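Sharing a structure, written as structure tokens. Questions coming.
All chains are identified by letter, namely A, B and C, in their written order; residue positions are counted from 1 within each chain.
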Amino acid sequence: MRKYQRSRHAALFSLALIGTLLTMIAGCSRSESENVTVSGSSTVLPVISRAAEEYSQNNPGVRVIVNAGGSGVGITQLGEGQTDIGMISRDISASEQAKFPNAGFTTHVIGRDAVVPVVSSEIYDAGVSALTIDQIAAIYRGQITNWQEVGGPDAEILVIDKEASRGTRQVFMAVVLGDENAEAPGAKLVLGSNNEEQTALTQSNAAIGMLSQAWLNDDVKGLAIITADGSTIEPDLASIRAGEYPIARDLLLVSRSDLSEPSKAFIEFVLSAEGQQLVENAGYIKVTP
Amino acid sequence: MSNRALINAVFVNSARSATVLCGFVLAFLIGVIVWNGMNAMNIQFLLSASRNFGASGGILYQIIGSLLLVIMASILVLPVAVGTALFKSEYITSPTLFRISNTLIYSLNGIPSVTFGIFGLIFFVNILGTGISWFVGSIILAIMMLPTIVLTTYQSINSIPSAYREAAYALGLTKWQVIWRVLLPQGIHGAITGLLIALARAIGETAPIMFIATAFSGINLPGALNDPVVTLPTHILALAQQATNPDALQNAWGASLVLLTLVFIFSISAMFSRMHLKEISRR
Amino acid sequence: MNLPRLYIAGSAAFAAVMVILVFMVLMMSSWGAISSEGLALFTHKWHPAGGEFGVLPMIFGSAAVTIISLAIATPLGLLAAIFTSELLNPAWRAPVKSALEILAGIPSIIYGLIGVAFFSIWIGNLFDLQSGRTILTAGILLAVMILPTIITLCDDALHNVPQKYRESATGLGLYKYEVVRDVLLPIAKTDITGAILLALGRALGETMAVMLVIGSIDRVPDPFFNVLEAGQSITSKLGREIAESSFGSVHFSALIFMSLILVAITVSLTSFTQYYFRREKRLVE
């Protein structure tokens, strides 16, 4: 009996000890560091995640906490005060402005990107390397369902859509279907982040989807766009920089009117030469020369 | 062979093959995690911070974060659970009240884990305005752990023969003395068994904490109660979404193996603790 | 003031308040959608930007994955339980049961990872699909998840039948098959039903694994039994969309409404099973 009692006391004691320690840790370190929380678009995430690592190294007193979730999540959390800075890969919509009238959103353009219709490498290699906007629209509307109809192999098209709140989708749909919230009845899968979409495209051999151009690689190939006059525009940095690629966008950080000093300093860091180098390293176009 | 014997043979063999199939599937699960996980495993992986969206670097802070969440949850839940169990076994006399308390505990056990996350998001993050905070995550996990611990504690207290209580009262002990000297030593053991079972489940939970307690990167250890935390399950979630990036996938398996090891440590300790408990109640 | 008593009553009250709070918060938060949308919630188009909040595709998805998982796991699990309880050398039973109980604890996010890395690819290749992210994939993954629970609970149910029944039945010259069918199963029926209902509750409420492999499209397949298409369950919808809907909007409220439906089903299932089927009070997760 005594043995059990001793183990009980030991257990209780250790729990109490851990509790005290935790409270002490929590209490002590509280005042030392300042937090900047950033949340939103998975397209902007690579830039900000690296910028956060560098910034925290240079400024040990400040921690930059980064969360993904999509542009819509970023704006919502910013409006509700759950985050200091929102990352978005599209413009703030009128309805979002209306939802948070007192937030006083300010946008900071940190880079430029294109949303590229992408296909599985098998389809690209079989000859589908450029499409018109109308063809892409017909695919997403479900009017074209086989790659044969656009000069590809005889394979059914796996149309991959993205979650409605994703900035990439809204920019893409605004150009392709004419409305950023348009429905895509041809879609067969709906996924979230650029990573998840890229994975599904790689796993399939007959898929079309939409990605930030920074996610293109040998397994997921970006389509050139055929314009009305018959010329094609490749999805490369040169055509985006020249403003020729039709589905382009600014990458933004958004702040509220009650922006804290550390948050402001972090945004300035991203816009500095050092920060802009990170934008370029991530595969986007920097905004300051 | 008679018809009956034939049916019997078919039956026995199908039961055997079903078992073999199940065994194969379950062995596959463990095998896949261990095999792939070992490829990622080394000291560097366990003891360094993650970099480059988790595709490189290690999972040190994810391990600490997960443990921090469940340890704080245990500290929060244990006193409440033991008190509730004592109330159930020693204070409730009306059968109606007993039934109501049972229904409440069983309902809590039946709520899907994602719902707890949503509750936390509404009540703590939005209504109370706590923001994304690891402490809120611990509170939510504590609520999820409550029914398991209440039930095991209650069972172990309840299994003490009433003769013990009567003898203690006959010696002139007060109710509190009976609880403290007779019931609690046994009850604590039940509570610890339940705590270990609940811990094994809580440490792997993703859905309840992903909206309210965790961050993607930029944080190592939470400094204050209202900081977010990085955890193993949410780290695996982020990595699982990039399953075709071999580096990310490898680290996802590594993190899975570590998480699974932690779960197994808790559940195996729970098993020993329960065997121990049986021994005590047999005396 | 009697401090110990205050502590005991206080913690019980605290626990009760917590449970009630969870339900209250869910109900209050879903009221917005119920009052503004009403029966329009039970349509099959989900398009928040256009103000359409039909939850039927999600309810269908949840029902479909649950039915598939039970259809696979129940016969398989029951047969395996008959084997472990009636045919297996009793010396092996304890280690097998311990192993099963530990397996039941594999976290669901790990199942999700295995689903993305293996199951969805296998299903895609097996049925020659464009994408292996389907309702069937989610159902199979769930079946594997609930299998240990079903085996171990059914095994308990069978094992709890007193030995004398087996002895007299065998003494009458019955084959094992007949003993199981005519004697053991009828006696253990209630507990087995309880085990299955409990597994059903777990499958319905599972989030992470389903979310990663179901394909997440808010549409009832056409025809509806075509489970080789992508779908959406209530839990995967919640997991993917709750963070982006702003607190207090109809969109948010409609999501909470779905969660409330789910809670209503799982809670009644769990309380029902634990309350009426467990003759001896055993801890069931």
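One rule holds in what follows: a residue touches a chain if its C-beta (ideal position, glycine included) is under 8 Å from a C-beta of that chain, and two chains touch if they have at least 3 such contacts.
Just so it is clear, the structure is predicted and the values come from calculations on it, not from any experiment.
Of all chains, the one whose Cα centroid sits at the greatest distance from that of chain B is A. Looking at which of A-C and A-B shares more C-beta pairs in contact, the answer is the pair A-B.
Averaging C-alpha coordinates per chain places the centre of chain B 17 Å away from that of chain C. Computed from the mean C-alpha positions, the centre of chain A lies at a distance of 33 Å from the centre of chain B.
Within chain C, residues 116, 243, 247 each touch two or more of the remaining chains.
Of all residues in chain B, those that touch two or more other chains are 126, 241, 243. Residues of chain A found to touch two or more other chains are 80, 192, 199, 203.
Contact residues on chain B toward chain C in their complex (touch as defined above): 4-5, 7-8, 11-12, 14-16, 18-19, 21-22, 25-26, 29-30, 32-33, 79-84, 86-88, 90-91, 101-119, 121-123, 126-127, 143, 146, 148, 150-152, 155, 176, 179-180, 194, 197, 200-201, 203-207, 210-211, 233, 236-237, 239-241, 243, 249, 252-253, 256, 259-260, 263-264, 267-268, 271.
The touching residues of chain A, counted against chain B in their complex, run 1, 4-5, 8, 11-12, 15, 18-19, 22, 26, 29-30, 32-33, 35, 37-38, 45-46, 49, 52-53, 56, 63-68, 80-82, 192-193, 195-196, 198-199, 202-203, 219.
Taken together, the chain A residues at the contact with chain C in this complex read 69-70, 72-73, 76-77, 79-80, 99, 156, 158, 161, 163-165, 181, 183, 187-192, 199-200, 203-204, 206-207. By the touch rule above, chain C contacts chain B in their complex via residues 2, 4-5, 7-12, 14-16, 18-23, 25-26, 29, 75-77, 79-80, 82-84, 87-88, 98-103, 105-114, 116-118, 144, 147-148, 151, 175-178, 180, 201, 204-208, 212, 235, 238-239, 242-243, 247, 255-256, 259, 262-263, 266-271, 274-275, 281, 283, 285.
Taken together, the chain C residues at the contact with chain A in this complex read 47-50, 116, 120-121, 124, 130-133, 215-218, 229-230, 232, 240-241, 243-247, 249.
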